[in-house]
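Paired with chain B in one complex and with chain C in the other, chain A is shared by the two complexes that follow.
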Partner chain A sequence: MREKLSESIFDKLTMNFLRNQVLKNAYGNDDTVIAGLDPRILILWYLFFGIVPWFSGNVVFLMGCFILVSITTLLARIAGLVLLLFGIGVFSQTGYLFLATLLFGGDASSIVPLLVLTLKIATVSLASITVFSGLDPDRLSNGLMWYGCPERFSFSISYAYRMLPVLMEEFEGVLLSYRLRGNPPDCDTLKGKIRYLIYQVKIIIHAFYPLMLNTAKRSRTTVEALEIKGYRYAASKKEAKKVRLSTLKVSFDDFLFLAISFFWVSLIIFLSGYF
Partner chain B sequence: MNVIEIENLTYSYPGESTPALTNISLKIKKGDFLAVIGNNGCGKSTFCKVLNGLIPHFIAGEFDGRVIVNGLDTTESNVGNLAYNVGYVYQDFENQIVRPTVLDDASFACMNYLIPDYKEKGMEALEQCGLSGKEKDYIWQLSGGQKHLLALAGAVSLQPDILILDEPIAQLDPRHADQIYEVLKELNEEFGKTIIVIEHHTEYIADYCKNVLLLKDGQVQWKLPVNEALGRVDELVECNIFPPQVTVAAHHMKVNGNLEKSIMLPTTINLGVKTFGEFVWNASFLKKEGIKGNRQKEKAVSFQDVKLSYHAVKGEDHIVFDHLNLDIYKGEKIALIGSNGAGKSTLMKLMIGLLRAKEGEVRLNGNNIKNIKVQQLSKQISFVYQNPEEMFIKDSIEADIAYAMQVREIKDWEMRTEELMRRFRLTELRKRDGRLLSGGQMRRASLAIGIALNPGILLLDEPTANLDIATRKEIMHTLNVMKDVTETVMIATHDMQLVSEWAERIIVLCQGNVVADGTRDEIFDNHKIIDMVGIRPPEIFLMGQAIDKKALCYTVDEFLQGFVRKGGKKYA
Partner chain C sequence: MEMKKQQMITQSQKLMIFVLTMALYGLATLFTELIPKLQIGIVEFSVEYFLFIPLTLGILFDPISAALGAATGELVFSEIMLGQFGGLGELEKFITVTIGVYIAGRLVANPKNRKMVGIAAMTGVVVQQAMGMMVDILKVQFAVEDFESVAGLPQSVYATEGFAFLNDVLFSGILFCLLPTLFLVPKLYGKIEPLLGMQPRTEKTAIGRINVKVIIGSLAAFGVAIVSEFMAESGMELIDWEAGWAESKSAIAIAMMAAGALAVIILLVIRKNHNRKEA
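On to the complex of A and B.
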């Protein structure tokens, strides 16, 4: 049974699965409530929920914030893998600290400060997840540009997302070659399993050489195409930015979203005064 | 009116002593549909990059002479200004697409050049290129043909008068290839654009182009109207270009006296019907062939009720195979055909264990492969990818060929590597990185890698795609030689000349179903299947059919033997 479980996890964790999850995360949720919001509003919203929780030690306030960002995360329909990574991250943080406090003579009262810390981390992480993976990369980069991020930076974000599937495809192909032609050690015994893991890590390192060369070969055309399409020309003109950002519009939904968030935060600040 | 005028152009790449283009003088009229031909390395791509100003503005080098495009001197203008006049679609068009969604990419150039209604411009271009309704799609959702149309739309969006395409149909199945050329034809006729294509497929040149420019060693040999150009069979063959099969057949008949010397060589099937009007099919020639007694032999691979589906990024899972049943016998030489996305690559990946059947079983040499690891299967079955670059994982092809044998500690692997390099004529190139080889050399290297472990079954995905015709002939020769080396071979391909000259059994896939399975006569003579799947038999076969429905000839030689002149008159 245990063997089967580990096998099915290994089966799931193929490059194909990873690629699917990344794509799902970047593009699979462009029809959600969150994705429809104006990126500038969301970034503003994020500035609050990404910074303020660090400065508060009030459990009620933090819990309230946590509930709100949980709801937005649900609304953004984030891919499972990202949530799993989030879960592992937060759990390992507190788990590690909790063990440490027990070892050094702490007791149940140490749970409260731990809870505060966990809530802070969780709230900030979920807020980031909502904004950075709930928005599609293009809207995100437009939003950042509006706040004065250099054009090149925001272009690289959306270009990276364009290239990501290509890169992963290329990486998958190279790894496949290693799988088909390589001869990994048996992984029946525990020793074998460790050796197998070391082998896998080695292969991934080796795979970078062909991956980089293949990608470099492809990017030659891209560089020329960017030149023809006037990318360098636009980068030197101020008007180009205006043209690009003219698509951003604040709608009723955005105000509603801000109003609800504001109302909720006011409520929990009010409540936190009582406890 | 001339839209392009070139005077005494000589150009060498930086650091090269011999010029890539030598003393070119040329005029191209507005509204022309020009094919640029020539063998590999004759300067075709360089020539096109001169026209859009990438040379000398982006790629430096020694530039001498004058190039006037739409009244602009390219040395005095800049790439941006020229982009309004010349659109360019690369051979590796996929890398030309820089934005994540369709409309975004189509309007990207317009946005950069500060055109206020850039979205509308993008929409207009998409409409011209037959991509209406796809505006919101992401790039990775498009098929290969659609990506090409998008790259074209990106170039069309600025509404340049001139469009240049570098090998537009090299990676496409016939249906998509037709679609591209129909779009180009419309752009040429309706919108008055001048179109320049670099093209190896002379059948398409004959059908669509108006003029042909032959380049040889960086020099213009001639520029002629299409029929006259393609009729110069000997000259073209000397440059490794193969004229349409109809033209070649007529040329041979002229030489051996079966056609009048003064006759103009036909370039299309319609013209051929007139030329060959007096010929009749000699029915006694070529008997129907059946699949050689393989049915009694052992099964190499068998699919039993296989079901397979993919997870889609959005929405429901995509079912590729539903209750697929198929047997492949030892010793068969099989061609697997069907349009892009019919499931050809997926079928092969199931056989090598990369994909596992959701239901049903795949048996390899009698054993269910469900619980066998991929690397254990690789001694019995081997897979050569469509894109050879992905097979190069070491820094020299020698190391690449040796790798699988080396890690398995196979006895005498050094000797066998030597032997493989000799057989595939790679000994001279042994220390080179596979990625830096020419197209044909890359293919040969990938084939050598594929059979290194001496597998009983070999799977090849599109072994002749993206090759010029000369290299393709060479690979076809190599495949014929390999027939004796590997017992069972399956090739997935769009190349019907390869299919009809090489395969003994043809399996036709359509939307995950085997819709036909048999010899070339059984497949190509079945018009229902051909129409349904969109297969294009070799041109010479269609020529034969156009003269006589009963005629089944697949090569120019068979055509020459099978058709005789009524009354047997000869012209001296």
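On to the complex of A and C.
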């Protein structure tokens, strides 16, 4: 039974699964309510829910914010892998802290401050998941650019999403060819298992050698192609930026989204006064 | 002929180094995000960082481009793409990674000198991890308001953070930074530079040792990381819901609610009319 379980987990964690999840996350959900909103409005919205929760210690207020961002996360239809990582991340930030507190002589009274901390972290990360995973990378980088974010950063976002599948495929290829030629040690005994683990890590590090050379060549091609199109000139000229950003448009839906969020926040502020 | 003294780097070559480091380190951090962590008690054995990639590239190429590329790569690939973007905390990570890689890159004048490469790799990791630990402790102190009054919490935070630091330096530092860097730098030296159209770095063309300016710059950047956390603390009093205007709070909240509800209704009506006109 246990063997079966671990087998199915490892089956899921293959390169292909990873690649699919990342791609699905990036380009798979551009028909959702969240993806249809204007990136500038969403970033503004994120600034509120990404910052304000840190400053409040009121459990009701934090709970209200948490409920709202959970709903938007559902609306954005985020890929499962991302949500799993979110769960692990929240636990590893506060769950272990709670256990350690108990170990050092704390008691159940430490739950409340830790609950506050957990709610803060969960709200802030769900807000960022909504905005950064719910949006198309190109729209996201355009929105960031509108706010005067450095051109290099918004370029990095679009570049990363496009290059990642290629890079992963290449890394997998290099890794497989090393494995084909290599002779892994036995992994029956405990000593053998440790040796096997060291062998695996060594292969991964060795695989980065050809990968570095290949990527160096590719990044040169990329930059040269960018230069041909006048990338560095366009990055500093206002006119070019204007043309690029002309596709952004704020609609009624965006205002509606903001107004509903505003209504909800004022409602929980009102309620937090009574509890 | 002042230019000849330094490694000649054009702006587009800097961009190439940036793109190269960003793509490789981003890919690596994406894996570390997914590799399961082995936890024995509170001591964590994890493949914390593939920091050897930016360290190697920072030693071979322009350190500042490699450092910025690594920090951006981590931010974009493993934080934004996986939706783990945490606002304030990311600024600190960005700055500490940049400083760590930059200092390591500046330390090495001649990549053929293996002893220096090893020292630089370890320095980079220790600097980065130590700064990360300091900011982590501060962060918990700010986020939990009655930090001191919770029994056992301060000690547990110091203990877990201290453990994490030692464990990261000794385990990931040696296994995943020192050894791979020592292996990769001599192997790549002289081979990877021509691919970007550059001369390999030698004693003569290095951009000079670490001087006071670098240290002051690093300290200032680290100050920014801490200040952003301090701003969070002072901000607490500004937007505290239990503040002096508590008596009239309900009234203000009701007014805000009414305004919000009104805005929603008006927008719905406008949209309906607008759609009808278009149809």
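One rule holds for everything that comes next: the second predicted complex is superposed on the first by the 255 of 275 C-alpha atoms of A that agree within 3 Å, B and C clash if a C-alpha of one lies under 4 Å from a C-alpha of the other, contacts with A are read in each partner's own complex, and residues count from 1 in each chain.
To be clear about the criterion, contacts are C-beta pairs under 8 Å (C-beta built on N, C-alpha and C of every residue); 3 or more make two chains touch, one makes a residue touch a chain.
This one's a predicted model, so the numbers in the text were calculated from it and none came from an experiment.
When both complexes are superposed on chain A, chain B and chain C end up sitting side by side without clashing.
With both structures placed on the common chain, the touch criterion links A:159 to chain B and to chain C.
Of the two partner chains placed around the shared chain by superposition, chain B is the only one that A:174 touches, whereas chain C remains out of contact.
Applying the stated contact rule after C-alpha superposition, one finds that A:219 touches each of chain B and chain C. Within the superposed three-chain model, A:209 lies in touch with chain B and with chain C [touch as defined at top]. The superposition of the two structures on chain A yields an angle of 100 degrees at the Cα centre of chain A, opening toward chain B and chain C, reported in steps of 10. In the superposed model, A:237 makes contact with chain B only, not with chain C. In the overlay built on the shared chain, the residue A:229 is in contact with chain B alone; chain C does not reach it. In the superposition on chain A, A:147 makes contact with neither chain B nor chain C. When the two complexes are overlaid, the chain among chain B and chain C that reaches more residues of chain A is C. In the superposition on chain A, no contact is made by A:91 with either chain B or chain C. In the composite built from the two structures, the nearest CA pair linking chain B and chain C is 8 Å apart. Comparing which residues of chain A touch chain B with which touch chain C, the overlap comprises 159, 161, 209, 213, 217, 219-220, 222, 224, 226-227. Residues of chain A touching chain B in their complex: 20, 23-24, 27-28, 136-138, 158-159, 161-162, 165-166, 170, 173-174, 176-184, 206-207, 209-210, 213-214, 217-222, 224-231, 233-234, 237, 239-240, 243-244.
Per the touch definition, chain A reaches chain C in the complex via residues 13, 18, 22, 25-26, 50-52, 54-58, 61, 78, 81-82, 85-86, 89, 92, 96-97, 99-107, 109-110, 113-114, 116-117, 120-121, 124-125, 128-129, 132-133, 152-153, 156-157, 159-161, 163-164, 167-168, 171, 201, 205, 208-209, 211-213, 215-217, 219-220, 222-224, 226-227, 232, 252-253, 255-256, 259-260, 262-267, 269-270, 272-273. Taken together, the chain B residues at the contact with chain A in this complex read 52, 54, 58, 79-80, 83, 88, 90, 92, 94-101, 104, 108-109, 111-114, 116, 118, 138-140, 154, 311, 313-314, 352, 354, 374-375, 378, 382-383, 385, 387, 389-393, 395, 403-404, 407-408, 433, 435, 449, 452-453. Residues of chain C touching chain A in their complex: 11-12, 15-20, 22-24, 26-28, 30, 33-34, 37, 39, 42, 47, 52-53, 56-57, 72-73, 76-77, 80-88, 140, 143-147, 150-153, 155-157, 159-160, 175-176, 179-180, 183-184, 187-188, 191-192, 195-197, 232, 235-236, 238-242, 246, 249-250, 253-254, 256-257, 259-261, 263-264, 267-268, 270-271, 274.
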